[in-house]
């Protein structure tokens, strides 16, 4: 099995880290928020370029570990977005997601992670303008916080076991 | 006893003295203590907010600051124009750009106070049920027209009281006195405001149609809650008659006067004699007359 | 794995703000990428051939296309790689148009972002596995929810094609709003003359099962195999026996029952058949107004009924139907104008709605087709119509155009002149929206031939003066205030989503917009499909629509169903959860959380229990995957490794 | 401002003006779709040179000179009918108020008599702390050179004892005067920056 922990060869040059290199990962459900982001694009609603989207079938698919891992390994912000409550393509997936992400939020400080680096929200496929607003606000928030040092630079430990991977 | 700061406003000191008197009388009757704001000043009215938002806010705000310092959490003013200025001061206090200079000028923030009109106070703190119970001289058989004026319930987001298009609070209070209250379509139409001085013909036109509609609906009197409306409709009624070649004779009492009358107070105590158009017609006791008229009929 | 990357220019759509050549050359540095290029229009036929050529030439085992949204062209490219011999799941898309080129103008930043997205796609692809569909039988029965003209059209089209159709209608009659209309624009056809035969067809087709006075209780299953519970509401009349003779209506003493069909103009009886042509022509007792059902002594209808159909003890019943596809055709409601205080908030009897006026105009309406005022029965001389009441008005939460009011006002004004040649009609409008075939001509006719006065301006206020209504507004073209003393005012109330649309959407698992209108799968290219396979839309439930459009969409939805039902089986989606039995600790959590009951226990030899996913039931949401403590359940094509591989590219 | 048949929209368009109006009023004027509801609601449309709907349109087009020179903005009584009924939730009365203040600043007040009345009113407030109605009217009417206006009201008001002959004085008049001075001195605009131009003496109190 391939090791997917962060590349140990990556330069850990703190001074090189500028807000230019900010990277935000967005986990978007296929049915609502991914569509909402598409709608925003079709309508040419301008947004900051820091966000990288991972398409997931449903926010119910979100394992809180995805968020924790992303932040521990130095992604600067994580945005999760799904269908509005009661409008889930799978009926209840976003209810599970909401509970899990609330729980995760409470634990992030214990992992040494600023909770402001994580946000979850509900945006439907028709809400292009809302998506633009969410992305813009969250990107600005992460820029204010600056680059995320992650766990690697605090402990120097690069060999955190990748729990979900086998 | 409910303690409420009382912002009288300039009109109630001059041309609308009877509004002041009757307000005191009615509030006292219902156990509301009016605490006059010490050394109050003019709110600045339309001239101030046509000059500068901060001037308007600071002039009105000073009064709110004093009221707050006097330990009141509610400020009542009978004048809707003053109320608009007071609410404007509170808005300025919440405005990020104006808050700092505002607080510097008046010495404190004032956004925590509740600001209400006399009508709102009577409707919400006393209410039609209590008024009905307290009525000693019911106005049964009298047809009264409720006229709210333009500012009392508008704009809705700021006034936060009653309906902006079809307010009913005064209707309910008047009904509680026993009077007949027709559906008046000009409840919130403008009376001509301050144009009595600068554009007299505007008042002739705008107040004229309000009086006409009142007469058309069989109203004996048009009841108001604003000193400016009252001046235009009452003091200038002769001018209006001249302007539109009519011969209207419609008394224009304040809501506080009408309620006071129904409570059995002395008309003089309520300043009824100060009204330009004589309100004598309201003193007729029709409850008895109606009772008599019905009596023999019922017996026969 | 040998991976090829194709970066699409999309003309200038992408290449305008992304350096696609640079993205391609950077892609060559990613692990396993052996071929990368940029291409003008990758989705075009030569573009697809280019991919197929490269697969053969370079022995590619996986393909990444960086182009538009996968919601747009993923199926296109999957077919293309499949044709070249690859499994179609050995393909990934990076969305560098909607998510990159169209939302930012900084070419350097866009290019870097596009390269990142390609790298993420490549990283995911390296964990992709070939997946294979299985086949499932299709139940060739259709459920149509809503019996308005759109639903009727869809049901008849499918029934004509030989399919079994189940129609569920909430009201006691079918025909929807169209049944209440007098005439229809732009040809002034009599509404019941053109709709009536279709309604009769529905009742007479042997392969249509109609449940009127019924609602959807619950829906389970998936495309090809839905199970639907239908609540048949208590009508207190045994419809198998009722002949629709109407004797009960004549004798019912509850005379103050609101006449809902006539929009509360006049009154009906507590037991009622709303109109003579009603389908089904069966009586229903309104439980709120029936004397007997409210504890009073009555039972007149039961005594008079010649076939003894009255049953005061009747209760709601649930029936279950199995279908393979569903068409939602639930229609619309009309805006409640009581929020307009300036128009009287509903307290003036002579200020009525457009649909009330339809009933007044109708020969079977409350006034027998004679135009008169509700207040005093007088014939009006001056009639004012107001457009956009509850349309294009953000202050009442209805910023959209209802699309039909301009036309129905013109029609009503024309009909008014026909009924009352001496009358004058005035229309207050903001813009005239008449884009249909022969629509604008129709509005012109109203003005030119029928002398209808059009005044451009929104009405400010309506109030009584004597026994007339004063309509006060502006003529913005003149820049003056105007008023009209009217005998009757008609408010063209706008279209809003049907009451309960949201609840039904949840049962159907389809989306709706902020106004409650159902979301189509694509606003242009998939206008009758929803994002839930097997559920289609027809009529105004999807957005304001007139009759021709509703009928067209009804037929369109029917054709979608017929192409689905043309197959005996459908391919299942292989992107489903799969249990790795070695890792399963049999905690049962996945079974608890699955919204579809798609996971069950499986007993191995020796009585060892393991979870097992039923691939035909699983919808692929992945809730189980996120729940499973040892991560034994993995959602195929979105496994933990695949998703983390994507994230991992950003952590570097 | 003279009405001309051709308005050179591009040349006379002042985009700074649009922005200033939006900032001062807090309203987005581009939301106006010219339905005419404000014009239909306005009790003063009969007297305006440009009905309020057209004032909104002129603001959208950046026609500063026409707007600030119009009589409409000074005849608006702030009765809130337009604001209450605007389908796009624009506070139209607030836009009119912002325009009044701007016309004062740019010295283009079209109806000096109305401004004079307001100024007289404010002078009374500045001097006494309150408005002295009996004093204000005659002084204004004198200045407006129409000394006999409302003369007919006097005897009756006298009889009713409604005319007071001495102003009621606020004790801390200095504080009131200070408010006027401070507002005049450092006028804070919404962003807290000092205003660019001081008011000319002609348009000030």
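First chain written, first letter: the chains are A, B, C and D, and each begins at residue 1.
One rule holds for everything that comes next: a residue touches a chain if its C-beta (ideal position, glycine included) is under 8 Å from a C-beta of that chain, and two chains touch if they have at least 3 such contacts.
Computed from a predicted structure; not experimentally measured.
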Determine the chain that sits nearest the middle of the structure, using the mean of its CA atoms as its centre.
-> C
Chain A to chain B, mean C-alpha position gap in Å, rounds to 58
Averaging C-alpha coordinates per chain, one finds the centres of chain B and chain D separated by a number of Å equal to 24
Counting in whole Å, what is the centre-to-centre distance of chain A and chain C, each centre being its mean C-alpha position?
-> 32
Chain centres from averaged Cα atoms put chain A and chain D apart, in whole Å, by 52
For chain C, jot down the residues that touch at least 2 other chains.
-> 342
Mark out which residues of chain A touch at least two other chains, giving numbers and ranges.
-> none
Could you check chain B for residues that touch two or more other chains and list them?
-> 164-165
All pairs of touching chains, each written as two labels joined by a dash | A-C, B-C, B-D, C-D
Chain C partner contacts - residues on chain A that touch it in the complex = 4-7, 10, 23, 25, 30-32, 34-35, 37-38, 40-42, 44-49, 51-58, 60-63, 66, 69-70, 73-75, 83, 86-93, 96, 100, 124-127, 132, 150, 162, 164-166
Residue ranges of chain C in contact with chain B within the complex = 340-342, 344-345, 347, 463-466, 470
Per the touch rule above, chain D residues touching chain C in the complex are 31, 33-37, 39-42, 45-46, 50-51, 53-54, 81, 84-89
Could you pull out which chain C residues touch chain A in their complex?
-> 69-72, 95, 97-100, 102-106, 109-110, 112-113, 116-117, 120, 502, 505-506, 509, 511-514, 519, 531-532, 575, 583, 593, 595-596, 619-623, 625-627, 631, 635, 638, 640-641, 643-648, 650-652
Enumerate the contact residues on chain C facing chain D in the complex.
-> 342, 388, 392-396, 430, 456-461, 472-476, 479-482
